[in-house]
Amino acid sequence: MEREALRALLEQVRRGEVDADAALARLAQLPFVDTPHARVDTHRALRHGLPEVVFGAGKSGEQIAEIAGALRAAGQPVLVTRVAPEEAPALLERLPEADYDAAARLLWMGPAEVAVLGRGTIAVVTAGTADLPVAREAIGVARRFGNKVEAIFDVGVAGVHRLLAATETLREARVVIAVAGMEGALPSVVGGLVDRPVIAVPTSVGYGASFGGLAALLGMLTSCASNVTVVNIDNGFGAAYVATLINRL
Amino acid sequence: MEREALRALLEQVRRGEVDADAALARLAQLPFVDTPHARVDTHRALRHGLPEVVFGAGKSGEQIAEIAGALRAAGQPVLVTRVAPEEAPALLERLPEADYDAAARLLWMGPAEVAVLGRGTIAVVTAGTADLPVAREAIGVARRFGNKVEAIFDVGVAGVHRLLAATETLREARVVIAVAGMEGALPSVVGGLVDRPVIAVPTSVGYGASFGGLAALLGMLTSCASNVTVVNIDNGFGAAYVATLINRL
Amino acid sequence: MEREALRALLEQVRRGEVDADAALARLAQLPFVDTPHARVDTHRALRHGLPEVVFGAGKSGEQIAEIAGALRAAGQPVLVTRVAPEEAPALLERLPEADYDAAARLLWMGPAEVAVLGRGTIAVVTAGTADLPVAREAIGVARRFGNKVEAIFDVGVAGVHRLLAATETLREARVVIAVAGMEGALPSVVGGLVDRPVIAVPTSVGYGASFGGLAALLGMLTSCASNVTVVNIDNGFGAAYVATLINRL
Amino acid sequence: MEREALRALLEQVRRGEVDADAALARLAQLPFVDTPHARVDTHRALRHGLPEVVFGAGKSGEQIAEIAGALRAAGQPVLVTRVAPEEAPALLERLPEADYDAAARLLWMGPAEVAVLGRGTIAVVTAGTADLPVAREAIGVARRFGNKVEAIFDVGVAGVHRLLAATETLREARVVIAVAGMEGALPSVVGGLVDRPVIAVPTSVGYGASFGGLAALLGMLTSCASNVTVVNIDNGFGAAYVATLINRL
Amino acid sequence: MEREALRALLEQVRRGEVDADAALARLAQLPFVDTPHARVDTHRALRHGLPEVVFGAGKSGEQIAEIAGALRAAGQPVLVTRVAPEEAPALLERLPEADYDAAARLLWMGPAEVAVLGRGTIAVVTAGTADLPVAREAIGVARRFGNKVEAIFDVGVAGVHRLLAATETLREARVVIAVAGMEGALPSVVGGLVDRPVIAVPTSVGYGASFGGLAALLGMLTSCASNVTVVNIDNGFGAAYVATLINRL
Amino acid sequence: MEREALRALLEQVRRGEVDADAALARLAQLPFVDTPHARVDTHRALRHGLPEVVFGAGKSGEQIAEIAGALRAAGQPVLVTRVAPEEAPALLERLPEADYDAAARLLWMGPAEVAVLGRGTIAVVTAGTADLPVAREAIGVARRFGNKVEAIFDVGVAGVHRLLAATETLREARVVIAVAGMEGALPSVVGGLVDRPVIAVPTSVGYGASFGGLAALLGMLTSCASNVTVVNIDNGFGAAYVATLINRL
Amino acid sequence: MEREALRALLEQVRRGEVDADAALARLAQLPFVDTPHARVDTHRALRHGLPEVVFGAGKSGEQIAEIAGALRAAGQPVLVTRVAPEEAPALLERLPEADYDAAARLLWMGPAEVAVLGRGTIAVVTAGTADLPVAREAIGVARRFGNKVEAIFDVGVAGVHRLLAATETLREARVVIAVAGMEGALPSVVGGLVDRPVIAVPTSVGYGASFGGLAALLGMLTSCASNVTVVNIDNGFGAAYVATLINRL
Amino acid sequence: MEREALRALLEQVRRGEVDADAALARLAQLPFVDTPHARVDTHRALRHGLPEVVFGAGKSGEQIAEIAGALRAAGQPVLVTRVAPEEAPALLERLPEADYDAAARLLWMGPAEVAVLGRGTIAVVTAGTADLPVAREAIGVARRFGNKVEAIFDVGVAGVHRLLAATETLREARVVIAVAGMEGALPSVVGGLVDRPVIAVPTSVGYGASFGGLAALLGMLTSCASNVTVVNIDNGFGAAYVATLINRL
């Protein structure tokens, strides 16, 4: 899109409708002149054909409402991540249109039904119940981004038969998101079961030597399964984002 | 495949051709009874339709030759990674059929031409010349795995115009591998330029506070671009492996 | 100044007005005998021609008021950093003359208008909205220290076109302060765009593998841009202090 | 034993054969007066009914030969660990009686056949071929300590079916030693398959984010299987030592 | 047990009572079809002949009550760990049958008297009073798991005579759990006194350079006593679990 | 003292007044049988001729009162460290005899005046005002332990003249305690000024890259002054304890 | 410069001499089309008016000679850093024009005398003799970049009088580079003596808790002197680069 | 001494023999004008009444010979630490007067017999044989500094009876140096046995989780014995230096 805008500008210059100095100025600003609220990054999302996403953690309800309102006014669906249950009621008062999913800590403003654009299924597989909030964020984001999602919960590697029982579902997915805290071994075992990309999400679940997710993170990075890549600790959103891009290929 | 073998076994049991105890024994061993050399993991690769890969670092020339020979005897192509230039001559003597790529530290035994099975192009983009060995490993593996590869070298973020000049090439790729040491900022900038999955490979290039690739690794994991996932430090092979899986979707 | 005082003392000794023992005693204490409140370090600031700065974090309102009062009584302007919004009202009651800037967490006691002593402009460039408190501290301090400041917000490297659009402003600055959390890549890209010193400020913004700003800190220290130096995590004040010294050269 | 010696001494005191001062002196030294070479710790081993073990790493051949000679002269079998293959020939010249196992880096001086004192089997299970030296140290030590050992090699978690095929063998063991580098996930999966103590040995095998075995170590410490305890990185000897104690219960 | 169920299923297949597809489906799910509440992992415990254990930290009272209720409905005893004193009253209201031990933070639902199944005694030895909560968790769990326990408190290594006074008790135990924070030296000294397995539990007790238990953890992993293995920081439960398995051998 | 008790016991044995078994039992317990409350470690202090010290952090008011009461009942002075100001009032109600020093967070039960037993002066020198609580703990403990103390506050190395002005006082001390957070450089400079032992106390004062006192700790450990030894972060008590021992030599 | 080229291109488009597609293509490549060797980054340096710098570490003599030759052919002076003494002879054979400074590990190809462009003096101050190689790199680079340099060696903070004796020289400098390993306290003391920017260079000199320069790095980042900024460990080049930029202001 | 020189100078000024400017200049340089070789720090040592010490690691034989020669020419005894056995022969050729102690890696130039100036004994106690080089450095330095030394080797805490046997010797010392690698528990146990200062020296002995001495260092810093202070890893020299200062009190 920017490429087309650029070409149009250059045509205007060629036809003498815009002179060099003006072109130079517009050239620099083109990619983001047309948004109502300059602080909101609307471009990447637009380019990717995905709704706007606002990272809610560390933002006040007022800030979230302002940003989300501006985006909605611009006609775009908005997804706010990391909205804690205790912050939700006040936000919902400001944004009555919004839909809140407490388990996933997601706030959604947009059509109730999202068209499925992903070509296959994304499987989200989780080790322990404590990892559920991160897994649900991944699931909620993936669905709002237009994917079919299969959720497989509570299949930690210390009870490997249960994980094996889900092999069929895992193999039918186009891409797998594996969420695990503690030693983070789940993606390695899952990676051996499927021939699809596995996106590993370490979680900060654990205590002591888990060091806030470091143990799981290092474990996933050194996985002996070659089809595993890793995102940041607790980054369910990022995993769903990349899985969406893969699922649209 | 294992599923079919399993079904066949169960049919044999049902028809009384195999009794329960024997079935039980075979059930346990089925997935890998048919390989000539039990120490070699041939199964994952077979399942994934990819050549066998042997991680060469830390193995003696004798060990590599033995494993590669067994695999070749089984009719499979073999790719050995991390073969240092000083180890190559002795290996090539043992394995006269092999082809060695010193820049990528890869040893290949198989057809000179590999059929292109990837549906698009994999772009491999690199920050500095010191990152080249890792980038070349990724490129060499991706090509041997049947992908078209576009290589974009020497486009570090401190000279961002050169990277922007490659935007076209980056956007035409189906998946991008971004290789960088030092601060590891390249995947973030690349991630903002494309709407495809970006696989980030931190390298151990650098000194002092790079702490053997830790700075780059942490930088990539906390990237502000949402389409970035990360593999282990210097793991050009792993990045190419996942990129291949994505490129076949 | 101390040098002159020292010379004067030695002259007094030479003229026999002060004997050796007394001179010895005064020699040791000279640099700071003349302050009303011994606990306050007024010397560095006096020497540097800058207002007094009190680091507010971890000090009680009573302590801050006492120190600031003593300095004001000595006729000096006072700047208190890291005054949290919830602590400000009580402080303002004690120090009715003071001016509080909540976004920058700065409390100022001195002339409403500060003479501009810096020879050029200091540009303060920021990656994300979450980095704003640190950036605003840098801006507020730089202004109270007599500098013209250009603020460029929300130009993270994952949307590099917006940063490029600010190239003009960046290049017109005499020194640049680049504030970023997460992977901290901003100073590297900025460093490539300008031929001025870039002072990088990592922020503790982020989660998981950002490890409280460590990822950004390591990234900035290993920056591939040669014109980047680094201050402590969240140290907007220190960056503004050094930028002021540079801008007066 | 010391207890008995202590009782004997006290009896001597009671009978007036030894006075208080002499008793006091002997009391302090009793546990180790009777060894020919004071620098060698012979007591723990004697107490535990196990042969002497000398940690060979960092000791010169001369030192090893001297210590081992003294112990042999005292009639005890001696086991030297961490004897690198390149150091072995010189040692064997000094200690012609010794038997060297290069794969396990163990040097043995004692009866060719050791009586089996363990009540069951110790299973030693290994993830990758690179972990073999550590596994073989554990196996060699366990055998020299009088245990039956079952070795299960090359059953990494990314190929979990192979591990499952060994379930029978694992379950028949009285105690399991699980050796793994990289992400160190093997003990978690093994721990779920057996209801016996699992001693996990992280290895320094790996690169990049394995950080010399740290990733495996943290993973094993945070294992979701409750029957896992951990020893130091590469400490195959320690694992075999504890497994021996358990196997004698 | 699963083995028997598997054999039975195979017999049914052989007799034609179950066809291959159905068998295949059941094969995958067998190990855990028969629990009322799928999210609860009942299998490992059943297999090990131990009561169910629920890790209470991070779970809401509602979640704990639901899980514990389901397990009790299935006729199993339930042990909930890490129940903070402030959460206990609400839980006890929901689960009137339960018994709460505040010092050990354990909630128990089951017979008041547990049959002693362990063959010997487990000694639990503690360095400082601050380590008591972890030690009491180990003691409480070990007792509910059917072991006789000897508790030895307050025998830190800086007062080694007190520890020596407990030598008798330590040597009579079949397995020792040594709990210590700070420098974590207790297991090394204890390990030298006994010829039994010593399970070391580092605690997060300490400040400054104890780094949340890291100092104790590293100290225990590098213990010069060969009979020491280590569990995660503060993991009193895990130590008791493994000690139970050893004590039943 | 224990030595004398031991000699006495052995004499009793020799005279037949005590038989071997009884002696054995008493031998083990001798060093601490005579305290009223077994959980309190009274021995080290008694041996060292110092009052009892209770580490108050993490203990409830009830626990502190109980321990302190028992010790007082035994006629010993008691010093409780790390008593936060908000916990003091409740404690003082339970222990009306006690004297509380809020700045040092110390609670004292004993004679108002302590006899000076130290042979010289202990100098306590501090870098910043934020380090004062730790410095005051050191000062308070040193005084209660019978030392003359010279306090030198606010002499950070960035204003080195003020530190030099205190050279006289520093050189007159028999031992110096240097307390500093941030970069912890004070002990190095002080160490160069005096020819006495310097005990360095890193504090957790700072932010960002101070990592809770780690920067100061590492700096002090690597000090270029040879007369510096180091205690744990914030351990003002420990520094005063060792300084007392040195000052009594 | 690029700006002018851009303007020229746009004028060509306006005049119809270049059409939109061609302009688009050239637009992307303009900033670096005119260099003879595409792998060499000549732009930043050109823009900054400084000679080309090649980081020699990790490059073969052949690579260095090739790059340097290309740059020399383009008429530019070349500075190669981190050329180890043992590599120099072979390089000097390839590049007979070059001048090698072994103490600074610098290779220079350009005019013997460099015009002084810096407006004042750069002082380079060093703590210990082991820090000299890094200090000499900074000095050599600063001189080749056209600065007057004052070198002050061997003024560690444990002998603070020697540092004070250099105060005059330090205060006459426009910018100070402070090089120190171990605890890295030098920049803090220097920062208190001058009112100029101090660029701190931690070195990897030290052992044990210096952890390869980490102690010095953290110390410098948390310096209590406000006029200190920090570069990477051992990065004498970077410090000289920034000092040059400052000295030209 | 400097104080006297200062007084003399001031008297000269008072008598008009030196004018203010000259005095000013001399004032700055006084503490070290009178050494023949400016790079050698002779002042601290002179002030402390100890021989000069040169840290030999990382210095060439030529450098060591030059420095030592200059010091010897000035009539001072010289002690060079960290002289590796392989470097000694060449050094001894240059410095024929020198005496080399290979076990301690110390080179000594001075009187064969050093007068005993220490008032009591320094006990040096060591855990394992691998810690001996560090212990011997401490012993050698302490003796050359004029102390009587008692060495107690091989008394690791896992054989605590041997350590107890040395209690007498330990208690007779005026100060104790405790050297230990691995978990570094020795100083804690020693600290409980004596009422003297204990200087703990962690060593880099160990593997895996000892992380180059970090485990021992952290253990010693968090010791539960209050009379322990710590020096850098492997810093036997520093421990002996401080012990000497204490022993002269």
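Observations
Per-chain numbering from 1; labels A, B, C, D, E, F, G and H assigned in written order.
We take it that a residue touches a chain if its C-beta (ideal position, glycine included) is under 8 Å from a C-beta of that chain, and two chains touch if they have at least 3 such contacts.
These numbers come from a predicted model, not from an experiment.
Ranking every chain by how far its Cα centroid lies from the centroid of chain C, the top place goes to D.
For the pair chain F and chain H, the fraction of shared interface numbers is greater than half, so the two copies use mostly the same residues to meet. Separating the centre of chain C from that of chain F, both taken as means of CA atoms, is a distance of 38 Å. Inter-chain centre distance (chain E to chain G, centres taken as mean C-alpha positions): 58 Å.
Centre to centre, using the average C-alpha position, chain C and chain G are separated by 26 Å. Shared contact sites, meaning residues of chain E that touch two or more other chains, fall at 44, 156, 158-159, 164, 192, 208-210, 217, 221-222, 225, 232-233. By the touch criterion stated above, chain G contacts chain H in their complex at residues 129-130, 153-154, 156, 158-159, 161-162, 164-165, 167-168, 205, 207-210. Chain D makes touch with chain A in their complex at residues 127-128, 156-160, 164, 182-185, 188-189, 191-193, 206, 208-211, 214-225.
Against chain G, the residues of chain C that register as touching in their complex are 44, 47-49, 53, 119-120, 174-175, 192, 195-197, 199, 217, 221-222, 225-233, 237-239, 241-242, 245-246, 249. Residues 2, 28-32, 38-39, 41, 43-44, 57-59, 63, 202, 204, 212-213, 217, 232-235 of chain G touch chain B in their complex.
Across the complex, chain F is touched by residues 3, 6-7, 10-11, 13-14, 16, 19-21, 23-24 of chain D.
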